[in-house]
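Some structures to go through are shown next.
Shared between the two complexes below is chain A, which has chain B as its partner in the first and chain C in the second.
Right after this comes the complex of A and B.
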């Protein structure tokens, strides 16, 4: 559908073009005031790490193993420290000031942050996550390609994105199309970046190129998850034989939950130093796939069966999230498939249920 | 509490009294050391606190006192893990940490005017003790009350010294049973699981709300029998145990289907539970 004039002018108003060198300058300038994290090469992996030099950034990466959630909801987080006599001596202050830029997030990872925002702000506000979030600027990156495990189109969480970012970057030809998504994004772009002076016809041409690229990516995503009436489908198939079959496949290693950008469950532990008196209370990522996750005193375990744990993961993502936070818990990034040793695929789970759903008793 | 308050931070509580209940269980009476915190602390029967011993950890525990009982609150604590072990080693005057209260508590407003059947097993009597005293204080708001309590042995019965006081609450019956009676122990009540007491229930199922807490296996059989007797699933309320690390629906550990036991519960009607995507019993 062609854009209306007003939409075009709005789009162009929020768009800039940066050359390769001005993009590098922009990132270098940002690094002076912020911690900048972006996808860089480390061994054979592309990982989100602190950027020392803009040249390190891998603009055409596929997907990272660990999602950028690690900068907002840390794998290990000090809640507070305590000392002899059981006195709490300090809250975790470091998070209050540290300003960070998360650069190069693909749309699925940006939308995953939106989901985590809901988790950590509903009913009780989680001060650790929310302070970090407030101090984080998100610079999204349009995907370069789609891969076999990508199914973001099933959840409308990519490759197109219309919210959740402060700035959106799309590398095109030799330049970067930069779109502003928030007043904060506009501010840092004006302050730290130098856009090429371009007329609107050139900007419009870059938008056309971007759109063409997105269409190619969208068309490449063939293996989707049919999400129509998904909660209802799952509600009716709690006892589907597939769950029992899956337990023979799944190794219950927890990799899927560690790499998932929306998995957030954690355990709280006290770490004491050698005096056994001082130490800190921490929270640590946990996983519903692990045996101990639902274990209480006297060895009672509410999900001893592996099938129950597999079901918990799938149901939490695709069913419970809607009840709990009015949003679906999956963004279709495909990490859980990619990093599963047995290549257990949620798309296939849903497809199999749809092929032979349990007959509903009337 | 103000919005800037960090919900993960425990406040200091002081033990003002300890009552030895059984060989492994104590009731400890507590006050917040900070007077204002104590003044602001209000709770409903069936709610719980997260109790903290720094360096050991944190655990969810039901409040066993009733709101009107005094200017303190109490927890009945069975020594089963690190945190409960550490707390039960403390003495009067010692301090540790607490935060709360959390959870929905028993639906005491909703069940006003009804007869009340209380079914408890073991340490499950703790959150129901709070109800018993609440009803005593608000006796006119409820109909007949029957309390069914099962423990392992006579010595494992909690609150033994309070039983006579409970029996004296108007229109209230207390029925006791134990799994077994060691030789030489005096016991004038029933022997067997708590469901054996169900023959003695005199309440009309259609006019009764059931409040239940105990081991899940006990609740499974008790609910099954009650349904057969004509009690409705919407009238049977269960306090559920799950692993909890935060109490504020963040850590994700306590989920049953889409429910967070810490915030949506710990009290659920059996009607709610039986229709969840994660089957309980």
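Right after this comes the complex of A and C.
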């Protein structure tokens, strides 16, 4: 795509080229002031964990099972502790002091954070999430490849990304093209990263390489979700026979929601210690796919049927999210497909409804 | 407040769940501040025959003598808790239910005159049970949760969903998808912290069915992974073959 001169100079102004060794130095320097989390190899998996040594970072990873949202919306977190007599000690102060860098997020995961930002601030401000978010710097990473389960292009959440990051890194040849996305990103890059080159013709060449790479990735994503008039389509197909068929296959194990980067549901538990008087209030990830999720007092459950829970997951992501948060709840990362034992695929669900929508059946 | 009296009773089992109670070195003293254990023969405590505020029963019921005894214990306990897979749904011993008692008795005993074995069932086959602590053996944190909740008179916070939730949270490689083996995790109740898959071993289903277990679907996947119908059946009858959900998975009507 041809850029105007002004756009080119702006792009180059925000770009740096770092060598492998200066990238390592950059990350090492950051580790002195921040907790740095990045994709590293752990057994047979790539997981986001604290980086001890920049050499551990896997730059060409496919995806992680649990998304980096775990550093913002924690799977388990203590909200406060309570003592005999009613004294409450909040955790907020501790959260406020911990500064972290989330490094190596693919565009889909960056855009998932954008969704969570809306979830945790739109109607109710969640102090725990928002404090962590404020203290987090996001260093995005351009994808190395596209995989069978990737469908980010359906939601324009990747592989190109133009917002949501403080810094964007693209490994190219033996070097790293680094782009600044925010004043905070610029500040840490200037402070901790030594540029190999700021020469505009060299930078321009690297941008061309990046663009070529992105085109290859985009073209590789063939299995997309057709999102045209999606809310209307779903509205008309609440009673589609497909939902009942899915319940025969779905294990209702909840894995799809646990691995989803935009799922945010949680439950609150009071953990009383063995004095029976003091303890802590905890927040724990929960899932709409689980039977207990919609259980209320006296054992009443308004989503007892498995089909109703499957429908809830799909409808929330692709339909009601827009009404709630003015954004779609899916970024097409493909984790729910990749980690489903039964290979239940939202792309297939939508395609099947489109093949035989309810209105044409009668 | 008078400390509630507690009895721990053993039926047909290997004593592993009782041992889990004794293994709680860190919590045992604090627990004993809350409860008064008056009957626990394995721990050398036998100071009376009740009544008890809470009775914990380990083991399956597998003989006519045990049927009579579990009913007597129920009479003596205000709250009765099934402790572990055997007491909850028959456990390992219930594998024998696939054959007739006579066949099994003849294999094990030479003189059958005094043998009166029955099919192995969890204790709720015969008496009302107020709470279940699942697993083979039990998880100590769940045991403590049940004790605390009983004393506070609130519902214990046990999460009966699939093991997969805990397994994913631990970021384990999926036994099915990464290790390429079959696993009972998707239909088995959580609470163990995905203990076995965290050590790269498939879930064996020792905690019995999860809250909405789609066992026929999992059984179909197991066949796709190359298991024979007989191998699938053996997976489902290992710990909880008497439960409706696992019966369906095993194809036993």
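We take it that the second predicted complex is superposed on the first by the 355 of 362 C-alpha atoms of A that agree within 3 Å, B and C clash if a C-alpha of one lies under 4 Å from a C-alpha of the other, contacts with A are read in each partner's own complex, and residues count from 1 in each chain.
Here is the rule we use: contacts are C-beta pairs under 8 Å (C-beta built on N, C-alpha and C of every residue); 3 or more make two chains touch, one makes a residue touch a chain.
These numbers were taken from a predicted model, which means no experiment stands behind them.
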item	value
Contacts of A:82 with chain B and chain C, given as first, second, both or neither	first
Touched partner set for A:47, first chain B, second chain C, both or neither	second
Chain B versus chain C as contact partner of A:290, first or second or both or neither	second
Which of chain B and chain C A:196 touches, first, second, both or neither	neither
First, second, both or neither for A:216, with chain B first and chain C second	neither
Which superposed partner A:339 touches (first chain B, second chain C, both, neither)	second
Partner chain in contact with A:269 - chain B first, chain C second, else both or neither	both
Which superposed partner A:254 touches (first chain B, second chain C, both, neither)	second
Broader residue contact with chain A after superposition on the shared chain, chain B or chain C	B
Residues of chain A at both interfaces, chain B in one complex, chain C in the other	269, 272, 276
Complex interface listing, chain C residues touching chain A	27, 30-31, 33-34, 144, 148, 151-152, 157, 159-162, 164-165, 168-169, 171-174, 176-179, 185-187, 210-214, 216-218, 221
Chain A to chain B touching residues, read off their complex	79-80, 82, 86, 88, 91, 119-120, 122-128, 234-235, 238, 264-270, 272, 276-277, 279, 281, 283, 286, 288, 293-298, 300, 302, 308, 311-312, 315-316, 319-320, 322-324
Residues of chain A touching chain C in the complex	42-45, 47, 65-66, 75, 247-255, 258-259, 269, 271-272, 274-276, 285, 287, 290-292, 306, 338-339, 341-342
Chain A partner contacts - residues on chain B that touch it in the complex	3, 6-10, 12, 53-58, 80-81, 84, 95-97, 215-216, 241-243, 245-246, 248-253, 255-258, 260, 263, 277-279
